[in-house]
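Structure provided below as structure tokens; questions to follow.
Letters A, B, C and D mark the chains in the order given here, with residues in each chain numbered from 1 onward.
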Amino acid sequence: MIDAKEVARHNTSSSCWVIIHNIVYDVTDFLSSHPGGVKAILSLAGQDATEEYDPIHPPGTLEESLEESQILGPVDPSTITTITPMPSLTSLSPEKDKSKNDIPPLEEQLNLDDFAITAEKVLSPKAWAYYFSASDDLLTKQHNNTAYQQILLRPRIFKDVRDVDTRTTICSSPVAFPVFVCPAAMARLAHPSGEAGIAEACGREGVLQCVSNNASLKPEQIMASRVSDKQPAWAQLYVQEDRRKSEALLKRVDALGFTAVVLTLDVPAPGKREADERVKNSVNTASATPSEGIQGKDKGLGRALFAGTTPSLTWEDLKWLRKHTKLPIILKGLQTHEDASMAARREVLELGVTGIILSNHGGRAADTAPPPVYILMEIRKHAPEVFDKLEVYVDGGIRRGTDVVKALCLGAKAVGIGRSALFGLSGYGVDGVRRVLTILREEIETTMRLLGVYSLEELGLEHINTRALDQLIYQEPQGLSGGIIKAKL
Amino acid sequence: MIDAKEVARHNTSSSCWVIIHNIVYDVTDFLSSHPGGVKAILSLAGQDATEEYDPIHPPGTLEESLEESQILGPVDPSTITTITPMPSLTSLSPEKDKSKNDIPPLEEQLNLDDFAITAEKVLSPKAWAYYFSASDDLLTKQHNNTAYQQILLRPRIFKDVRDVDTRTTICSSPVAFPVFVCPAAMARLAHPSGEAGIAEACGREGVLQCVSNNASLKPEQIMASRVSDKQPAWAQLYVQEDRRKSEALLKRVDALGFTAVVLTLDVPAPGKREADERVKNSVNTASATPSEGIQGKDKGLGRALFAGTTPSLTWEDLKWLRKHTKLPIILKGLQTHEDASMAARREVLELGVTGIILSNHGGRAADTAPPPVYILMEIRKHAPEVFDKLEVYVDGGIRRGTDVVKALCLGAKAVGIGRSALFGLSGYGVDGVRRVLTILREEIETTMRLLGVYSLEELGLEHINTRALDQLIYQEPQGLSGGIIKAKL
Amino acid sequence: MIDAKEVARHNTSSSCWVIIHNIVYDVTDFLSSHPGGVKAILSLAGQDATEEYDPIHPPGTLEESLEESQILGPVDPSTITTITPMPSLTSLSPEKDKSKNDIPPLEEQLNLDDFAITAEKVLSPKAWAYYFSASDDLLTKQHNNTAYQQILLRPRIFKDVRDVDTRTTICSSPVAFPVFVCPAAMARLAHPSGEAGIAEACGREGVLQCVSNNASLKPEQIMASRVSDKQPAWAQLYVQEDRRKSEALLKRVDALGFTAVVLTLDVPAPGKREADERVKNSVNTASATPSEGIQGKDKGLGRALFAGTTPSLTWEDLKWLRKHTKLPIILKGLQTHEDASMAARREVLELGVTGIILSNHGGRAADTAPPPVYILMEIRKHAPEVFDKLEVYVDGGIRRGTDVVKALCLGAKAVGIGRSALFGLSGYGVDGVRRVLTILREEIETTMRLLGVYSLEELGLEHINTRALDQLIYQEPQGLSGGIIKAKL
Amino acid sequence: MIDAKEVARHNTSSSCWVIIHNIVYDVTDFLSSHPGGVKAILSLAGQDATEEYDPIHPPGTLEESLEESQILGPVDPSTITTITPMPSLTSLSPEKDKSKNDIPPLEEQLNLDDFAITAEKVLSPKAWAYYFSASDDLLTKQHNNTAYQQILLRPRIFKDVRDVDTRTTICSSPVAFPVFVCPAAMARLAHPSGEAGIAEACGREGVLQCVSNNASLKPEQIMASRVSDKQPAWAQLYVQEDRRKSEALLKRVDALGFTAVVLTLDVPAPGKREADERVKNSVNTASATPSEGIQGKDKGLGRALFAGTTPSLTWEDLKWLRKHTKLPIILKGLQTHEDASMAARREVLELGVTGIILSNHGGRAADTAPPPVYILMEIRKHAPEVFDKLEVYVDGGIRRGTDVVKALCLGAKAVGIGRSALFGLSGYGVDGVRRVLTILREEIETTMRLLGVYSLEELGLEHINTRALDQLIYQEPQGLSGGIIKAKL
């Protein structure tokens, strides 16, 4: 048993100890390789870091990075003045906890925006900033949220809509309705049940979850929370600089019963999420050197998570990926009709690519990147054959069942939600995510009834009026040859 | 005479009594079939429910649903502590009543918006929420209110406009000007004179009323309030799951002297009116079960009224309707040129359809459904022959005489107002509705004079500039065959 | 000498006396023919009405309407408790007078908006409402104010702009720059110098004034305030129901040296100016009868001024006008290319029509009428030959020298300002109007220099980019024959 | 040694002395030729004017304008009550100085807007007004700031973006990234290091500075602050009425090692910057004469700086310029495709013109002049060959790295920033400017990575979607001959 006062002495980069869940670790040698930066650890050196560590690292993360000798043993509880509670909503400050009593009953959350309002009350400023933030001036995020509203519906009359059927399949898995949960990272910032809670909610509501590569729980824990072994789940992949790490992950993914691999391509470099950076900055201490002033400091949680990801993938890397997984491959982050066409080439399909997710990473990659509905319309305009060769999914900006139906009318097979699932989790855990999904399903059903359609297959271009957006969709400039498709596989 | 204390003991679902207008009713067996839900009654079990019951049920509604033995007899007045007053503006809370003294003199209400402002002061929160609410994010309601403003007028000079004539006919009935009152439900939430008050006002101002299928007075009472037997009136029909109920209503409609039947088609399922739901929720108690949390609770007055309506009408049902009425049939709720064309088919006309109302149900059906003026322009663009075969009416978003004139320029025969009539009624009863109509008529006359036209027949496309909207009107996507018209009668 | 107490007894419609400038008048017989309504007088019956009467009636107005016997003679000053001061800024309430001390020095008024802000402080609520108000929802007024801003300038470089010349001629009169003051009524509500003050300011700055038919001074007084006999001035004409009144006016106009007659055609009926009506209502007493509640009451100063104007002019009436004046005729209020074409017909030109003013009456006629710049562009698009046959002027919404230059690039010969002249007058009298004109001239000069032009003749379509408006300009709907031009002269 | 009390007596236009840096000057004869106006000096007559004089005049300015006999000698320090400190942030009021302590640490300035917010806190009202102000209603400034946001990016996937290279050349000088600092005047209003501080920052960050013709330091001082002799710098030229002054300047420019001359053409006359004028007015005393009221008073610092500039340059003057410099010539302020085409004529190129800067002078010339990105698109549309013959630069409205990248996609070679550099300087001196540049460079790198390009040469029209702006770009009106190009060289 180690005396906490002894731990407190090791609070510099020369000797840095931390306590996590009552175990003392010597992280001195690990400091420089910490993906989240040296400072993040040093600011907790010599102290109990459980509260900070816990919600953003899957269990065992630290152990995997240390030698056995660096795990120093249990702290003597009698020497600690304050004890960190076991996993719970620890990231909430006391003020926030109080407001938690004021959050509305779950049944009074009537739409997805209600959940965002509640989440802002419940979450710590850091978690809120991480979830809510997007790149630069939030222009793409704003576009995501409003683009669907520019499309008008065309309801038909005298249709028998007693029974409407929202069921479909996504990548061969049957689902209750065409919505899936996107790979949003760090779910335990929202609620201790984290990604596992989302898994259970998805199972109960019959939808599919894509598990983040940066989940705050191990994939084993998340998959164990499924309602049944048949519950479909996708595994997100950020390819690491050290390919062996990614290959190891793919092995676990295969073994755990995931049903597809989602290769994420929309952030070859992290976007600039200033709200995230500001919170981070306000927590840390002032910069010491002038050069730090000029260069800036900590770039926020979003950039820290990116550490280690390779920025140099090309189409050729699909061959490597195929070698290391037997699962269907889905490409996430396409934003142009050119890339959609390239993904629909025979040689790409033969490598096992079965679908693409049109996504601007929730407005967190390039600001002023197009909203997904623009990309859908661009493919519809310039490369409609893509819809015959690949399942096309979209994510970003879904707030209403009408949004989902409009995406389907344009050719999408299903639609992903990200922040909304996290916001549902924030206030209410598993039940919150279920209610988010229930609201969307009911809104989809209502929209289908009011349009006069009874099955998703019926939905088509004749059910929407896209004139307000038509003139904004990319048109190849005159003189640009069609020679865009030149990247070899 | 029954002791009120005895009534108070029957306050559960096993034995549920209520007092209405000093009569005690045993509604235990009726509970489960109440269209408005069990809870709405249970929250008043054992009590005097007159205040809640009265403004939303036509007299005799309850008696029709009960056996004679369930009407238990008069309560002993001496045993009641508080007595509900006879029909009056009972839904107003005391605070509201006070503010009522502050409402402006009628002659200072200068336009329709003024009446909305006053109504918000006068009405109970529940009534205001029911009237004001629309679907989802109110986008369609917003479009309704602003679309007419995008159209510019083209005034001509050197025209003799000493005498302008606003008279016309609607479905063969002569009217003073081309405005009618839409079938808005629950008018007694606004004022005790309810739909009867609107009938009297319409008679005095020479316009036509369409009586709601969900009126808070019996059609007999409403028709009796007409100024003369020749005053035209339309009967709205929501076809019920139990067709015999609708057939019985049609018989009464024929007998009472209605001049047309308006078959409502724009809400095969109720829209999601969240303001309405929120008020309802705030009144009721908290949900007991977790599943109720996930599924949500009470869906508001708007959805309650929908209970019993069939969602499975098709064009074939027009034959059934024709069998049960001799009156002209008007189809309400068309929102596409395709359906307008289908309504103009010879076989439909032969079944007695004489007109169509382009309507998105005041923004209360599908959100992002097009505003009526878009539909008018779409028919003008894709199916102009419809205007020769059917009278085309529009409702939704009329705030000004200029709006009415613009609709007429585009080919509408007349224009309906809904909320404005209720708002006029709210603050001022019959006189308020009359002033609403007078304002519209005077604004129409002014607009005609300033345009340089003396009769409605003169109005045409040359009097408006629709360029701001032209590019937003639906254009059939390339590759969509014209094979839309496939529904057989 | 009449005792004021005696006057006070004649305060009903049976016997109604008023004191104006210390003279007692018996207006009992005149009551019913007062263009401003009975009530306006009755509310002052038995009292000194000078303060109300003075700023809106040219001197002698009342004398002209009464028999000699109805002019009863001077009041005994010793019997009056309060004496109305001689003409001054009497319409200002004391509170307003105080704030007058706070108005900024004239040289700190840097643009036309500054004058509007100051005017709102200085003017009585009634005067402000009358000047500021426009029809219905002020949509056309808003369009007027913003349409010019949608047009971009196209500055050229390497032009010698040392000397720029803003001089031109308007209807053969040389002017210092292409701006004139529109016929705005009731200038004495702004300042006791009234329209005479405007005349002096125009003379000093070398621009032209069009004198309102409803001026608050006699045309003789206004013309006498000109800086020289050669100072050009136009006379506005509203043709009266009683043509002899108009013929009499035309005779005075000829005799006084006016240089043209401006026949106003844009308000065959008064628009609905609600701000104006609201002020009026708030001053008067409550309505007595229910019908008054339904019909509304006083319609404001704007409508009162309209009383007596004929609503039935046609092109034929130009012959009558020609018979009664030798002056050039300018038609004011054209709003379509069709009417511009009709005005440019040979038979119209032969009657002495030399120019047209494109105008929507400052947004006070039909709301959603097009802003003048749209009309300019419509004529440019559909009937460009009009610019060769007539001088085309515009008014409405001019706030900047750039606005003036843009109108000229589109083909206008000159541009009118209305409210701005009154607002300049409000705070500062003659000097204020001069500064308004100076600001505009300097802004025009700066714009010319920055565009790289040295004379007005150089300005053309190549100096502006109108793309933002191009798609909003009226396009004749397909199927509409060109047969619009059918009105015979 | 002169007694300060003696100085105080010379405080009129008959005898006017001022103290600057403890030296007494007799400026009586100079008064009338002061470019900033008589009043600016008279308001300081008899006093110590150091604080007012210093930040807007390069050292020695006054000495150059006076005879030796007018430099009267040092003031006796013991006779002065308050002594002006030596050069420092003297233009800050005490209140401002305090707030200076509250400005955020440099590393928390995350984007260019942050610097503007801080600058408003730090700067004196006069300096803020001078920097921030633009013409008239700031419409062009607003366009500048938002036009880039209307263009969407088109990110490509599967591109190796490990190494991105932002290096390029501008006018043959190698730079670290394609941004330069525009010739913004009066930098010492922001910080005592003034333009010299900007020079050092540009050197450290590897970018180019264009030195203002109206710098508050001598060009010798600015050039001496460069990091190395090879650091490129351009010299701005406003041609003076007195050409000899400009010729003298050109000689110094050649001698000092400037690498190009930037001939500024966008303000042949000063625009109307009202914020600047208002501050100036509020400082000065009230106007004495009525005519001053009508004509307005002091026109602000922006106009004062313009004094002496010639308004009559033509293409012919390029020959004069060529005669007096051997440096490459860059034309600043082109705003039309016509002028771009004229600049690309062989005879112009032969005179040494190598580049053009598309600029509306930061919104300070003609209001409603087009934003630079419109001009880029106009040239791309009507005269694309210009990009082959000249380097095309743009300035105005750059707030983000995405803005820079979009300009480059459209064909720009580099992009200038003006206010941002001054705002960086305001709060933080040299380091602030460096951080502004660092932020831009990092944002450019991130944008390149997210677009999937590794070098600037790759950027092209296929990386942006300009549809939202396409319809706003100038289109030659039908009937306008192509005969625009008629100015002879």
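Operating definition for what follows: a residue touches a chain if its C-beta (ideal position, glycine included) is under 8 Å from a C-beta of that chain, and two chains touch if they have at least 3 such contacts.
Just so you know, these numbers come straight off a predicted model, no measurement behind them.
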Those chains which touch subunit D and also touch subunit A: none
Self-contact between copies subunit A and subunit B, residue sets same or different by half: different
Subunit C on subunit D, rotation in degrees - Cα superposition, rounded to nearest 5: 90
Most distant chain from subunit C by Cα centroid: A
Centre distance in Å when subunit B and subunit C are each reduced to the mean of their C-alpha atoms: 45
Distance between the centres, which are taken as Cα means, of subunit D and subunit B, whole angstrom: 63
Per-residue multi-chain contacts in subunit C, two or more chains: 471
Pairwise touch network: line, ring, star, complete, or other: ring
Chain-to-chain touches, reported pairwise for every pair that qualifies: A-B, A-D, B-C, C-D
Complex interface listing, subunit D residues touching subunit C: 136-137, 139, 265-272, 274, 277-278, 281, 286-287, 290, 292-297, 310-315, 317, 331, 333-336, 338-339, 342, 360, 365-370, 374, 471-477, 480, 484, 487
Complex contacts: residues of subunit C adjacent to subunit D: 105-108, 110-111, 149, 151-162, 400, 402, 428, 431, 434-435, 438-439, 442-443, 445-447, 449-452, 460-462, 465, 467-468, 471
